[in-house]
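What follows is one structure encoded as structure tokens, with my remarks underneath.
Read from first to last, the chains carry the letters A, B, C, D and E; within each, the first residue is number 1.
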Amino acid sequence: GCVQGEDAPATDADGGGSVALRLDYAYYNPASLVLREQKWLETELAGKGVTVSWQLSAGSNKANEALRADAIDVGSTAGAAALVARANGSPIKTIDVFSQPEWAAIVVPKDSPVTSVAQLKGKKIAATKGTDPYFFLLQALDAAGLKPADVTVTNLQHADGRTALERGDVDAWAGLDPLMATSEVDAGSKLIYRNVAFNSYGVLNAREAFLAEHPDLAQSVVNAYEKARQWITANPDQAVALYAKEAKISEPVAKAVLTERTVLDIDPVPGAAQRAVFEKILPVLVADANVKSEADARTAIDTLFEPKYATARVVS
Amino acid sequence: MTLPRIGRITAGALLPAVILVVWHLVAAAGIYSAAQLPPPGEVLSALGELLRRGELWHHVAISTQRVLIGFAVGSVLGLTLGGLVGLSRAANAVLSPTVQAIRAVPSLAWVPLLLLWLGIGETPKIVLVAIGAFFPVYTTVSAALSHIDPHLVEVGRAYGRSGLALLGTVLFPAATPAILSGLRLGLAQGWLFLVAAELIASSMGLGFLLIDSQNTGRTDVMLLAIILLALIGKFSDTLLGLVTVTPSAAPR
Amino acid sequence: MSAVPLEISGVGKEFTTSGRRRAVLAGVDLTVAAGEVVALLGPSGCGKSTLLRLAGGLDTPTSGRVLVDGRPVREFEPRCAVVFQEPRLLPWRTVERNVAFGLPRGVTGDQAQAEVAHWLSVVGLADFAKHRPRQVSGGMAQRAALARALARRPGVLLLDEPFAALDALTRLRMQDLLAEVQRAAGTTVLLVTHDVDEALHLADRVVLLGATASPPSQGEPPQDSVVENVSPRRTACGQPGDVDDGASIRLVLDVPGTRPRDRADARLATLRSALLAELGVRTPAAVPS
Amino acid sequence: MTLPRIGRITAGALLPAVILVVWHLVAAAGIYSAAQLPPPGEVLSALGELLRRGELWHHVAISTQRVLIGFAVGSVLGLTLGGLVGLSRAANAVLSPTVQAIRAVPSLAWVPLLLLWLGIGETPKIVLVAIGAFFPVYTTVSAALSHIDPHLVEVGRAYGRSGLALLGTVLFPAATPAILSGLRLGLAQGWLFLVAAELIASSMGLGFLLIDSQNTGRTDVMLLAIILLALIGKFSDTLLGLVTVTPSAAPR
Amino acid sequence: MSAVPLEISGVGKEFTTSGRRRAVLAGVDLTVAAGEVVALLGPSGCGKSTLLRLAGGLDTPTSGRVLVDGRPVREFEPRCAVVFQEPRLLPWRTVERNVAFGLPRGVTGDQAQAEVAHWLSVVGLADFAKHRPRQVSGGMAQRAALARALARRPGVLLLDEPFAALDALTRLRMQDLLAEVQRAAGTTVLLVTHDVDEALHLADRVVLLGATASPPSQGEPPQDSVVENVSPRRTACGQPGDVDDGASIRLVLDVPGTRPRDRADARLATLRSALLAELGVRTPAAVPS
């Protein structure tokens, strides 16, 4: 016999008038895990004949890819990733900020003598280009008075960066949670520089076409995320357990990430706070050719945000 | 089971046993941290955990299904197109440069394209596996067909076999060893492409397990996924060898 | 299939090897009437097999044309069956299934099985039906190839030294088998052979292929000191000097009497000596042609 | 250049031309957005941009170097081990099950392991390409060697050739077509593994260009990378065909 | 290499085909003295090629043993050279390089080239040195195979119907060539042939291989109606009934006179008829053995 695969249930295409709402969930978006588990959206929208399907995003890049390919309607990414995608022509809008995570930091091995960013001058640092930890690193260097040319940045995938760090191939790593937290717990790696303001927020993006067709559904999603955030604050233990199980990490790590390094109590309306971070990383994006031109990036900053849903949010 | 067969199995188990022992020793020596190289025992307990949660069976089943269907599609296409190119000079001239160019497109590059064209479901995953399986079959079959003993081809022609009949009675049988090794390579490459296929909006399968454990830093689960892929790959290869040898059974 | 005539007219064939063109056949004219048996003799490398391949449509002549039953021979010719100089059995098929490969289209099922069994027993291989070609001897393989060709019941049977690998007794048997089959079905036969006796016993006409242009004088010294007792290279192809002109028909000999002939017929003995002399061999009782 | 050769090239260019036209039409029809499927012109301008910045040459050069060295290492190993397994029953029994199992380990799974064992730098990248090139060569060579006409092997033995001499004078020449197609598959798989290799601490190379453009959504650069990989893959394949055919030049 | 003796004692060989074991040879004893030429005759499929392969160390006997120069034959035997029943040229080498394949170890460079050129011209293939095996005729390929074996200058020369594909003239030449080479080097020769004349002309002794157990009575009806004019299956192997016992030596005949013999010698004519009768063929002037 055949195994039931991942074909979407056949209701959306032919089930006369029924509408599909396709969302993503991601380990870096705890609220999405809660929403998927609690089935609030399903319950609410069932009456309107809307079916909800969930798609795992392994990272911001994957969420963007799915958005571009019209495989999902709403996807969760880091703010910077949303900006780059928009600048490179993806027709998406940021409709909600789901967290201000502190998912990136500068990490050194257990026995490293390095204690500050300034001491990294001339050293080798692992980071994944184009992702938040990389932008974090550049801002951190800037804050410490170093130029990017003062260090050697080694481009490594997040998981590989951790291995390189623990092996001693690099002196520091611009790490990402939960890998960073796991490395702390398992290998005793040390975080030498943290700054929540240098992270580019976790944002919820929707396709423009979806927004035009189903503004009501977009509103429902934003409302549901508000509810999820509140639920996590209210039920931290349950949330940690859920997060640990879904993200396949140990509870101590989950607890550290969720309660210590993720600020959920934020203003979900996209706007000035995010814009401030974008302005800082914009030159980097241009220099690394992550965007076609500075003009594109500027336009993207101006057109990315769609604050009306978050402004109009209500919790049912 | 005959004695020499037992001997063969023992001999074949030798190297894996050595690897296991070395792994155990290295892990125990503490050169690497547990996150870098967990000892075999930890991988075993990861297996136990997955089994307990009832997930493993599902991962294995869905991946196997994807590979089997994809391999079936890809190898049939590979045989057909390889046969066509081997038979007809015109087809060869038109198709072969393009096919050879497309062959160099890596599995990861297909992912966004297939996502775009075929969406998320099972189809793009199976198609990607089929793409992986296609090329080795196509390449070996078309190469083998153009190097068959012309004396035998002449016998086929002398006895009135042309076109498909020639292909079926002379060309394919004469190329059997090459076709078989092409099929085995195709199956192997199908497994290789599976991982990329399961990057396409997937939340199950061994490829997903591998990528997901890499992303979440679960080295034990990652090693488990690698070992499972290797074992099932070897197993399906052996099975293919049995299935394809039986009908011809030719001690050539 | 009833017997059909074979017509070879003005056929020439050239091969290009390492950039050099070499004529192998030139201006070969030969008509084999329906039901006639023609034996083709000639020195090694003079183009007998090449002519046979042209007659079977397996290669195309550089000049001239080949007609089977009045129509040009086709690339996949269903009216001819060929026994090649080597057995050329398909190694992945059993002897039995190799013979079955020769069956004409449309013969299937029980009838096919019966035919195959018949031809196998006729060539003395009934016990080796399930053997692979690599598991039978050279002579057995050659007999299997003969059975494969006979199973086709062709209009024209093209045989390239089909009995060369057989011992004296088996050879006589197979010759008789061929004569019998030919008589019963009236098949047209073109037979390449090196055995003059065989040619005289089986054929209506014997055709000698070889270089016709300026035969070298009789007294020429032998090419190598080790060659004695035979007259020097008169007709041998594959030797310097005569190859570039291409071989054609040197001699056509009508064999007297009707088939089957008595092997002890005195007229045949005379013809035998004449033919051998023509091939360059002095026999004890040589009679100049 | 002879006329038939020009004909071949024209025929071979047919399909790419059709693909180009269809691509252009589809992109112009507006079914897909520019971010999904940019028109050919945009890919061309991405090429221009990379050329202007002087990066392209570097990407191509470093990738080609990695593939060539890796392929050289992997194919020599593949020929050696394939020859050994084809010659000796004992080696076959001991090695072949393990090799077949390892063959199924996907390129992405090697990345963390190689990083762990070999660190960053060029070595792990070249090793990964070598691993990719090894398996098709090994598989086809060992399969081809075990299916050589026993009559020819007997000739070799009858004339006193054993071991390496037999391998060199009879076995390898007899298996030439299969070995050639194995080498071509090995080279192709080397290119496929390149992308995974360039996930290891890389900031240049075509594989990096591909991954990087995927992550940032530069679909034009991504398509450019795919096309470059396809073209260079095809080109190196053709070159290999020329190089390996010339010495034997056998119209078999 | 100087001549060495070949000793085959109590050799038996069985083959297993589709699960059934069949004895092909049983209790074959044959000693060929150093420098002696022994011809091996026997019906098709009786095990001549098999015996030759055993003598060359290419297969291992089921029982008994083979000694070359007093030592057991090896799997890769440098003292023997074999001409197989088929030419078996290596298709990827030119004719020239195929001959060079036979050169003994250590012969390289100019010497090798000279040797190859010599042997090619001796077998009449000097003009075809650069041809591929697929571009030469059957007889030419067989001559190339002979040249390859002669180039080896072996202690024991094992020949399996080496002249079967040659026309009458070329065949005589090659026989004389072999005789000359053998005389000059004193090579030990074991020659399988179907040609009784050839055996008598070349050999010191003629050995007849075949079923020895209970020969069927002379009057038995022929196996198939198409077989006439020949006495029924007396010695034919590859037929039901006699195969399972395995063939062995039925007859050993000393050929009178010294080599080279006159082909017209009257004593040879008598022996010829006797041998043919023993092989089951009645000749015009048959003399019972």
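Rule of thumb we're sticking to: contacts are C-beta pairs under 8 Å (C-beta built on N, C-alpha and C of every residue); 3 or more make two chains touch, one makes a residue touch a chain.
This structure is a prediction, so every number in the text was calculated from the model and none was measured.
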* Structure fact -> Larger contact count among A-B and D-E belongs to A-B
* Asked: Going by the average position of its CA atoms, which chain sits the greatest distance from chain E?
  -> A
* Structure fact -> The distance between the C-alpha centres of chain A and chain C, rounded to whole Å, is 83
* **Interchain centroid distance [CA atoms averaged], chain A/chain D, Å** => 36
* To do: Could you put a whole-Å number on the gap between the CA centroids of chain D and chain E?
  => 50
* Asked: Residues of chain D that touch two or more other chains: which are they?
  -> 36, 112, 116, 151, 214, 219, 252
* Residues of chain C touching 2+ other chains? -> 86, 132, 134
* To do: Mind pulling the residue numbers of chain A that touch at least two other chains?
  => 65, 68-70, 159, 163, 167
* **Touching residues (chain side chain B, partner chain C) in the complex** => 151-152, 154-155, 157-162, 169-170, 173-174, 176, 248, 250-252
* Residue numbers on chain A that touch chain B, as the complex places them -> 2-3, 5-8, 27, 55-56, 58-59, 62, 65-66, 68-71, 158-159, 162-163, 166-167, 178-179, 182-183, 186-187, 247-249
* Name, in rising order, each residue of chain B that touches chain A in their complex. => 33-36, 58, 61-62, 65-66, 111-112, 115-116, 119-123, 125, 199, 201-204, 211-218, 221
* Contact residues on chain D for chain B in the complex? -> 7-8, 11-16, 19, 32, 36-37, 90, 93-98, 100-109, 112-113, 116, 135-136, 139-140, 143-144, 146-147, 177-178, 180-181, 184-185, 188-189, 191-192, 194-196, 207, 210-211, 214, 219, 222, 225-226, 229-234, 237-238, 252
* Structure fact -> chain E contacts chain C in the complex at 15, 17-18, 41-45, 48-50, 85-86, 121-122, 124-128, 130-132, 135-140, 143, 160-161, 164-173, 176-177, 180-181, 194, 196, 223-230, 233-236, 238-240, 243, 260, 263-264, 276, 279-281, 284
